[in-house]
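Below you will find the structure I want to go over with you.
Chain lettering (A, B, C, D, E and F) follows the sequence in which the chains are written, and residue indices restart at 1 in each chain.
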Amino acid sequence: MGGTPLPANVKLIDENGRRMDGRMPEEMRPLKIEAGVLKRADGSAYVEWGNNKVMAAVYGPRECHPRHLQNPERALVQCNYNMASFSVDERKRPGPDRRSHEISKIISEALTNVVFTEYFPRTSIDVYIEVLQANAGTRCAGLTAASVALADAGVPMRDLVASCAAGKVANTVVVDLNKEEDNFGQADIPVGYVPRSNEIVLLQMDGDLTLEEFNKGLHMAVDACKKVYQIQRDALKRRYSARAADEDVPAPIVEGAMMREGQ
Amino acid sequence: MGGTPLPANVKLIDENGRRMDGRMPEEMRPLKIEAGVLKRADGSAYVEWGNNKVMAAVYGPRECHPRHLQNPERALVQCNYNMASFSVDERKRPGPDRRSHEISKIISEALTNVVFTEYFPRTSIDVYIEVLQANAGTRCAGLTAASVALADAGVPMRDLVASCAAGKVANTVVVDLNKEEDNFGQADIPVGYVPRSNEIVLLQMDGDLTLEEFNKGLHMAVDACKKVYQIQRDALKRRYSARAADEDVPAPIVEGAMMREGQ
Amino acid sequence: MGGTPLPANVKLIDENGRRMDGRMPEEMRPLKIEAGVLKRADGSAYVEWGNNKVMAAVYGPRECHPRHLQNPERALVQCNYNMASFSVDERKRPGPDRRSHEISKIISEALTNVVFTEYFPRTSIDVYIEVLQANAGTRCAGLTAASVALADAGVPMRDLVASCAAGKVANTVVVDLNKEEDNFGQADIPVGYVPRSNEIVLLQMDGDLTLEEFNKGLHMAVDACKKVYQIQRDALKRRYSARAADEDVPAPIVEGAMMREGQ
Amino acid sequence: MGKDVVADLKRDYISKLLAKGVRVDGRKFEEMRPLTIEVDYIKSAEGSARIQLGDTQVVVGIKIDKGEPFSDTPNSGVLTTNAELIPMASETFESGPPDEISIEVARVVDRGIREGHAVDLSKMVLEPGKAVWIMFVDVHVIDYDGNLFDAANIAANAAFKTAIIRGSKAGLSEDQPLPVQHQPISVTVVKIDGKILVDPTHDEERVADARLTVATLENGNLCAMQKGLNGAFTMEEVFKVVDLSRRIGADIRSRF
Amino acid sequence: MGKDVVADLKRDYISKLLAKGVRVDGRKFEEMRPLTIEVDYIKSAEGSARIQLGDTQVVVGIKIDKGEPFSDTPNSGVLTTNAELIPMASETFESGPPDEISIEVARVVDRGIREGHAVDLSKMVLEPGKAVWIMFVDVHVIDYDGNLFDAANIAANAAFKTAIIRGSKAGLSEDQPLPVQHQPISVTVVKIDGKILVDPTHDEERVADARLTVATLENGNLCAMQKGLNGAFTMEEVFKVVDLSRRIGADIRSRF
Amino acid sequence: MGKDVVADLKRDYISKLLAKGVRVDGRKFEEMRPLTIEVDYIKSAEGSARIQLGDTQVVVGIKIDKGEPFSDTPNSGVLTTNAELIPMASETFESGPPDEISIEVARVVDRGIREGHAVDLSKMVLEPGKAVWIMFVDVHVIDYDGNLFDAANIAANAAFKTAIIRGSKAGLSEDQPLPVQHQPISVTVVKIDGKILVDPTHDEERVADARLTVATLENGNLCAMQKGLNGAFTMEEVFKVVDLSRRIGADIRSRF
């Protein structure tokens, strides 16, 4: 955690147990997801989560470049997480930094877990996540958006990955930290969760937590992921209905599968 | 334009309508062109234009690298415009910057227009322009030199591209701005012109021009290009005579063609 | 040479002709070599030479990347000399600089001289030199270590390259300059020497030397190289004995050859 | 080769329609695609706009920070324009350092707003020669269906309109609006089979012979121009495009 | 394809042994490899350690120089962690800019020592807001047989122990020891066929489904965590690994 | 393979001629190619020279700007040498960051002029520790037919001769000549079939076994040396080349 000392007038948790933005500890920020927002990409999703605005796009399965990365037995899921230079208060230099390389890697790994990569040997499934406006929790928002974009692209998947963080602020375990809580908080635990297998595919932690706090936080994060999952599925249903109404567009394979399996 | 305010003692146009260096508005700076100045390149040309010194070299048609750029139906004309670090008052860091990338692109496009690229599928025709001494107008000088170097290399061409800029200084439309006029002037219009088709293949503009000024400037630039063209052809004729005198060297295909067609 | 002026209280050569660290002019710093210190590499050697600590590793002969560097008739010996960021007083930015590129090149050339590259067409023999602690003379230490690592890897060689520098400090020709002598000295002559052919395969010089001083320096450097050679061979003998004792590991081809030929 | 065959078929199809005076999407030759503009879209930016021009989507964010002037312009703020043609926007864009296309987009957009004096940089000086406002115009293309030049130009102009300079970034108590003074609007055409088409789609760009971008001001003056692609224009065609740009630019300007 | 066949055979071999409760090198599932630590190995560094964990060898050098603080932390020294997975260490590492793996190693090592407050950065201030000590932790991997996270973490902690701040670098007359306050030790496991294996070798890493690194402090608290690879963990498995890390971390800490 | 066959034929041809004591271009073994020098060729540079050595053409431009000294040499101007082996000069040069060859050329040229104290850097100090003249020696190779080391070295020495320090760049009213004090001239040989050939052409370089560059001063002292390529020299050969360099260097020096 940032380790920035808390200004005197800021109370992260008030006397009623409410957080700066009025939320209770287990309460997420408002989350809106819209699937199929881009024309050119094979699949896409837009996420507004609190003050985060994140876009995800999927291209593929397609020929894998560079060639030497091709896997003869499976598709490669390659995620590229990028923050727009204007997404943060102080302008960020364009291009990847070490943080974005790391996030790209762990999101790629989390998504690979749910994609039937064995169906598309030698190909690449490219996932692009653009953070347009950042307010803490962008990797969870990006992973959440990417899962929906993959489904929108018709990529066959075992399940969606839902993602949300827990954390500790003012010695209280909470979910879904906003920017102030992230800056002045004590710990952060981003989690990527696969509801149908009840497994964790993305997990990081930094800060200071007792064993008990960690256990509580992980449970709270998983519970929040389940709510995220519902919102992801609703977005895909809306997208499916919209598409079905448009005769020109065939129903995507995966959404059909998703609907069946997910019920 | 630079937008630098004009120093009090500088008069860009005097009471007789003459420019700082004594030229009249429609008068170009002295232009000397010499073809075939390098041994290693397949073709080359050296241009001294006012205080500009520019060298152009051509290699090819040759195998196109990287492979994925190969066009199965035509040759690729790839220009690389570069300013030597000592070509300007304040030393320029070696290597391409955004400006040189842009200039390379528009010169490549202008030259492609006149090369019979369909004769050499899958190949690359590489054009290197080195600005050794810069004094405004280097892209026009570079394009002018490159055309001659292509002809010197025997690359079959419909015609040469001749290039010169017009501009506006002290509310007067003039041709071929020098460095002071470029710094303190009001507009610049670099033009690349193909005399035989009477067409424009390079055109940029920046500054502030009324419609009338632009029209006048474009006409003046084209007229200047026609003068440049004559000097280009004279240089190639001299080169051709020199070569013909030397029995070892066969007459270049294109020059023969040029002479026939250009008369 | 650095050209740093000598502090008043420093005497590079004392009244008894001894150097700052007590050595006589023709005396090398203590040199220890150990072969076979890394598990993963095909061959390796560790050198402690005065206050230098240098590691060398060899991979290959193996497929040559990038492909266009492949030589259809011989192996390519590619050396990569690198200084760890903590190897010098002021932290060095990681990654190659111009100095390390140059040293990599001349060490590659010196080693190529003794390797039977014609036995392994189209392959690459990759030599990695890591300077962990630097105290002047790292290129000689690196070349010395690399030769032993090549032999340890079983790469067939005509001979080892032994390396040591001569130089001039306080108007005296000496061998094997240490850091202070390098900083405040007058000339440096790194030499790579092949004892069996009695030839020089690496040679540089900088500073100021009369013809006589250079001649004397070159002879002294070669004499020092002969001592280095003996220590290299002892290290390989120890390594050979250790390997022979371990039934699982076959005796390396080259050591056998070396021993036979070197006697 | 497969790619080329498709391109050839597309070219044939586009050409046949053009011969009948029709564009693939039904537009007239001199007609822009539908344009929607959303300003103040990015709260973390000092100014922003998301625009949709047909199926091309561009987000422009303006960041304004305190910094040092260039030594040769001590009495002027600094304008820097950057374009990111991120791979999200098209299968033809790649990650990595800006390529020729994104550099050309950035430079042509920059030329328009700089030479058209969209923002009065002389009013962005904190202490002459020492401290000025540095303005970054970042063009983020998220969906690409042609004509990035105009989409980015319009988005930048729209973003300027509501942009503010945050006083807190220089220890000042008050914010101030960005000193906007002009709206240099660019209009781009391509030439296919000798026909001039305004606001080309990606497919039209791919088969086009030549491209011309002209930026004009409120008073009808020209401030920037860029010809592209391998084809050529006659002088008459250039004057026609200049005329088109002045006319359509005025239309677009009225949208702000 | 040849490479994949070998990998498949290796996986089969490892799996069969694991089914019998045995690892290829004979270790128990929850057993670290032999660990040797040599501190003050590099005299040119302000602190250093060379450690050997099985056949993995890592040298960590600490450089401490005078510099400027970040503007948002005027009262704190600066910690920078860098990892060089040099090609000497493995045929799978390449020269060139840090790749994803070395970035992840650097960031996970950094997270452990930063979040675990291994060094009291508030005591590394020379003049608040102006001058602080900048500490570079450079991880140099010279022989790679798996589990770089823990090898580098342990080496960094060991190097801190005897590191000194050279007063001469800031014009001060006296050296001072690095203000070390905690020892955040990381323990890494992989999951193969549902089994949790501590301190994986390179071969085990290559066939592993998932990886989890947990760093803990003297008081048993957690300070950093990183899950890797395409596989998944159940919550129970996560809690088991946390427990393992606390236990084994205490063992390792006792070695300093 | 085609390339190698041609190379083999070239080698055979060169070898056969050498066996008869003849070089391809008719020169003696110890003979330089014709040399022409044009100074002050580049007006935008503070000093410059264009030289032609046989068919090798090099332009060297000297730029001198005000700047800061290195912290360990407060009383010395700064010399930086850079070589651009631009693709114009040869089909074997490529665009992009300097490769090994251009780095070696830059470093060997730099070594000669630095170690030979061509310019008295101690006279290029404006304010000790604060402001000095920074001199960039930029070597631009425009036509490449071998022996860049000597061509660039001679061009640099020639450019120094007439170079001026522009006072206006540091707010001074007067210009001053560059404080030139020595002329360290390098001479390069290659060894082919045991024969030592001075001033090799590109073809000779390509088939050469070994290369040696030696730079000497007016007083006959040695100041720099660089051996290259995979071949070897005996000590006697080295001494012979040193002797050649002193003799030919004096000839070249007399040309200035």
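Operating definition for what follows: contacts are C-beta pairs under 8 Å (C-beta built on N, C-alpha and C of every residue); 3 or more make two chains touch, one makes a residue touch a chain.
Here the structure is a predicted model, which means the values were calculated and not measured.
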Neighbouring chains shared between chain B and chain F, ordered by label: none
Neighbouring chains common to chain B and chain C, by label: F
Label of the chain whose CA centroid is most distant from the centroid of chain A: F
Most remote chain, CA-based centroid, reference being chain C: D
Repeat of interface B-F, chosen from C-E, A-E or C-F - more than half of residue-number contact pairs shared: C-E
Distance from chain D to chain B - Cα centre to Cα centre, in angstrom: 27
Euclidean distance of C-alpha centroids - chain D vs chain F, Å: 48
Centre-to-centre distance between chain D and chain A (centres being mean Cα positions), rounded to whole Å: 32
Overlap residues in chain B, where contacts from two or more other chains coincide: none
Chain D, residues touching no fewer than two other chains: none
Chain ring listed from chain B, with chain D in second place: B, D, A, E, C, F
Footprint of chain A on chain D - complex, ascending: 41-45, 48, 55, 57, 59, 61-63, 65, 82, 84, 86-91, 95, 97, 136, 138, 140, 142-145
Of chain F, residues touching chain C in the complex: 1, 4, 72-73, 76, 98, 100, 103-104, 106-107, 111, 114-115, 212, 217, 220-235, 238-239, 242, 246
Partner chain E, residues of chain C touching it in the complex: 38-41, 51, 53, 55, 57, 59, 62, 80, 82, 84-91, 94-96, 126, 128, 130, 132-135
Chain D-facing residues of chain B, complex: 1, 3-4, 72-73, 98-99, 101-102, 104-106, 109, 112-113, 189, 194, 197-211, 214-215, 218-219, 222
